[in-house]
Amino acid sequence: MKKLINSPDSVIADALRGMAAAHPSLAVDLENRVVSRAGGVMAGKVGLVSGGGSGHEPLHGGYVGYGMLDAAAPGEVYTSPVPDQILAATKAADHGSGVLHIVKNYTGDVLNFRMAAELAEDEDIRVVSVVTNDDAAVEDSTYTAGRRGVGGTVFVEKLAGAAAEEGADLDTVAALATRVNEATRSFAIALHAGTVPAAGKPGFDLAENEVELGVGIHGEPGRERGTMQPVHDLVGYALDVIHADRPIAGDQLVMLNGQGGTPLIELYGAFAEAVAWIEGHGGTVARSLVGNYITSLDQQGFSITVMSLDDELLRLWDAPVSTPALRWGR
Amino acid sequence: MAFDVQTATAWITASEAVVKANEARLTGLDAAIGDGDHGANMARGLAAALANIAEKEPATPGDVLVAAGRGIVAKTGGASGPLYGTAFRRAGKALGDATEATAEQVGDALEAALTAIKELGGAAEGDKTMVDGLAPAVAAFRQAVADGGDLASASVAAADAAEAGLAATVPLQARKGRASYLGARSVGHEDPGAASLALILRALAEVTA
Amino acid sequence: MKKLINSPDSVIADALRGMAAAHPSLAVDLENRVVSRAGGVMAGKVGLVSGGGSGHEPLHGGYVGYGMLDAAAPGEVYTSPVPDQILAATKAADHGSGVLHIVKNYTGDVLNFRMAAELAEDEDIRVVSVVTNDDAAVEDSTYTAGRRGVGGTVFVEKLAGAAAEEGADLDTVAALATRVNEATRSFAIALHAGTVPAAGKPGFDLAENEVELGVGIHGEPGRERGTMQPVHDLVGYALDVIHADRPIAGDQLVMLNGQGGTPLIELYGAFAEAVAWIEGHGGTVARSLVGNYITSLDQQGFSITVMSLDDELLRLWDAPVSTPALRWGR
Amino acid sequence: MAFDVQTATAWITASEAVVKANEARLTGLDAAIGDGDHGANMARGLAAALANIAEKEPATPGDVLVAAGRGIVAKTGGASGPLYGTAFRRAGKALGDATEATAEQVGDALEAALTAIKELGGAAEGDKTMVDGLAPAVAAFRQAVADGGDLASASVAAADAAEAGLAATVPLQARKGRASYLGARSVGHEDPGAASLALILRALAEVTA
């Protein structure tokens, strides 16, 4: 697989240079690999930090800005960032009222963020971590690593970001983030695996009539291999799994997300199926996102993330946001 | 032979070399049941370990391992960075400021590494992780010392046990790390972390031979 | 190639249903296949209509909204819309001050829009057409079909849209659109062809060490086949061609566009190279877009579009815009 | 045999069938030097032509062709929609309200179609377009009639000439339509529009035989 890169080693550094040049609203620390807001922030605002492996763009750097994150720490492709880097992001995000770490549930992310939090506390920055784990494809159990954090992370960043912007304190923002995570479920299906630059070939091979059901965001195989179906059936499968795990009822926030290599025209078609399914089950799609919001490089496929809305969550979703990847209301 | 600064440094050097030589294999194992970066992670981490040792010029074998561990944590990322990094750091601390650690002390250091990994990652034996290589290796190392073996023979016993432990991960279903997301599909593959661990303990056996 | 669709015949209809559900700001006429603004428009504003084959999303439907288009007419995949459909879009866009047709220079688009314009004049709607032809890959000549309209179309839609929103009359808006088109050049390189749903396989085959240089936006082969290079060299090649055709000097508006299947992280890396090239040649990147703005389904590769800015063009670029795909300032 | 409503309708019916049967081939030709939709476009367009004829129930062969052309313009899109659509419409108008057109009148109608395509698309012979099929076909049809041939033999002459014209497009470099963007790379391929045109004129020869 050809990649539009200089070398696998320079992918992150090159991309960060590009982000810095493309977005004057971002401050990009190329040395520490931290993306933070260039503009001023209301003193006393709770800081929001996220991060994780790269390859999921626009997550997380594209969500730094008013109403969402204060800083992001991008690791190597599909590899969590290191503690010092997360510490640097935490310092960049600290406005005196503590910092929320939004961590996707992967052993590497959890451990590196935990170490960074310890380092931050040594420097008298209070850190609370919220671990997202919205992937309904994975059996949850206390004996395992548990569920993965996937698309729901975007919702957590948006809604917690809005609460922080409104002046909520660290514990309130953390409690909200937890509530959002709990109200959210995702499921993903891949048609063709993405290619990590260092690997140079797709993470798994699928025949013309095969799909991977229940994939994560790291090009890993899913929970089972299935047969290629019309998008109506694939979307139905995904929503059936989510619905069985946490019933879909009432007003929903729905993200129909592309994995990086699927045309937008197909994502709109998939979204039409999702809306039909949800309305057919008595729910309502009150708000939505359709596009590439949490990707797996050039993987082909989609994920659906569904959250039950209440008045507070709806208000926070509609609150102004101004980041490279999500922008409305200002 | 005793475990001194030279031996400790030689161990990390040999580990870096063997991991680099096996980078594609480790990545392949991780691609099958994980995300395909374990080879790159370990290569990057052990290179950082060597760089940090070169920079810190540690005076004791304990400090060599602490420097290695710090270098790994600082540059690796992923699950293996904190796990291996903390393991080396704790192993180093367990050696105290001995300039020549005995086989028994090295056994304690390996035990400290195992404890650190279990504490941090929460994995037990049988969860299909590097613990499945390290736990039997520590036991074999201690047993060899108890049986009157020296550092060299105990290290060989540890490396053998780690390799057997690696082979024993094949039929297991993963319960920790990324491979756990595959559920039953994780069965039938070697665990990448157990594979890198076996390489690193074989490197110990070689530098102490 | 697997496609996330129900059937090749239903792709456009399904996507339009999805767009309608995803964007309350849009009115989607499923029968006539017209996407227009749902909200009211200042009476007397010049209407802007564009359209063309589908498969280039977010172009054009994603650019319907305040500050850009009034209506879009999406044809079948890679096939220009038909006259009746363009007429319906023209009617939806007419607020009493005439309608600008923004037409990409392809025989099919030009002919169908010309027929639609004749139909519109029969209904007393004044139509002026501006044909975009910014592709520096194609030799321009009066004996040929001339240059293709590609990425520059996005700039024309944005800047003409801003002028129309300010109340400029039809001839002024058309003159501005022409000026934007003339100040703009594009060049594209593909790594892997996209797949039209009805065809089911990529439009061309490239070996692991090959690229297509000077491709258009319809999965067609380029002007020559080249050797795969680091992104530094590919971007340099593209900018060399553009620079030779129309020198790049002074403040530039730069779009580093993905063709639909290239990861955003790679586009940022490519953009970093573009900025370095332009600054190395004494120019300045004053404004930019990095992402998927005019795509070729799931084709892998990029295009660069460069426009020389003056004070008026800069002001119009910065003017508020609120569409599904471009949004700032309100 | 004369060119009446039945024959005209049979021509469009046969054209639709042969284009449908050759859809993949036309698409393949267009994929090589264009955008790979000519087969789908022509299939959609001629199906719309038939539907419009069925709906309008035209009373003259001229009106059959006008209805066909309107259907094509309304549903095809692309370059071929306006070009073929207008060509059929103008051909139909050229027949006036004759209920049975003579071979000479059909020749005039084909000439009108050629003029329409040239006017609209601006292509000359040698630009590697459908004009390279239609221009020699019109000439051959007229020559056959001048030589005393009837509708059937003139149609065969036209079809033969269109097929020869198609073959002659292979060495040409395209100067119009999408294939022109390929420059010299357009050489060595049949033009898709000339290919569909040859099919349609062969269909005429078959329904008038």
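The chains carry the letters A, B, C and D, assigned in the order they are written, with residues numbered from 1 in each.
Just so it is clear, a residue touches a chain if its C-beta (ideal position, glycine included) is under 8 Å from a C-beta of that chain, and two chains touch if they have at least 3 such contacts.
According to UniProt, the chain labels map to these proteins: A, C = Dihydroxyacetone kinase subunit DhaK; B, D = Dihydroxyacetone kinase subunit L.
These numbers come from a predicted model, not from an experiment.
The chains in contact with subunit B as well as with subunit D do not exist; no chain meets both. Per-chain Cα centroids separate subunit A from subunit C by 29 Å.
Averaging C-alpha coordinates per chain places the centre of subunit A 54 Å away from that of subunit D. Centre-to-centre spacing of subunit C and subunit D amounts to 32 Å, using the average Cα coordinate of each chain. Not a single residue in subunit B touches at least two other chains.
Residue positions 77 of subunit A are each in touch with at least two other chains. Taken pairwise by the contact criterion, the protein chains link up end to end in a single open path, with no chain closing the loop.
Here the chains touching each other pair up as A-B, A-C, C-D. Within the complex formed with subunit A, the subunit C residues making contact are 1-7, 10-12, 14-19, 21-22, 54-55, 57-58, 62, 77, 191-192, 194, 206, 208, 211, 228, 230-232, 234, 256, 260-273, 275, 285, 288-290, 292, 295, 297-298, 300-302, 327-328. Those residues of subunit C that touch subunit D in the complex are listed here as 53, 75-84, 106-108, 111-112, 114-115, 135, 137-139, 143-145, 148, 196, 198-199, 203-204, 216, 218-224. Contact residues of subunit D toward subunit C in the complex are 27, 31, 33-37, 40-41, 44, 73-83, 120-121, 175-178, 180-183, 185.
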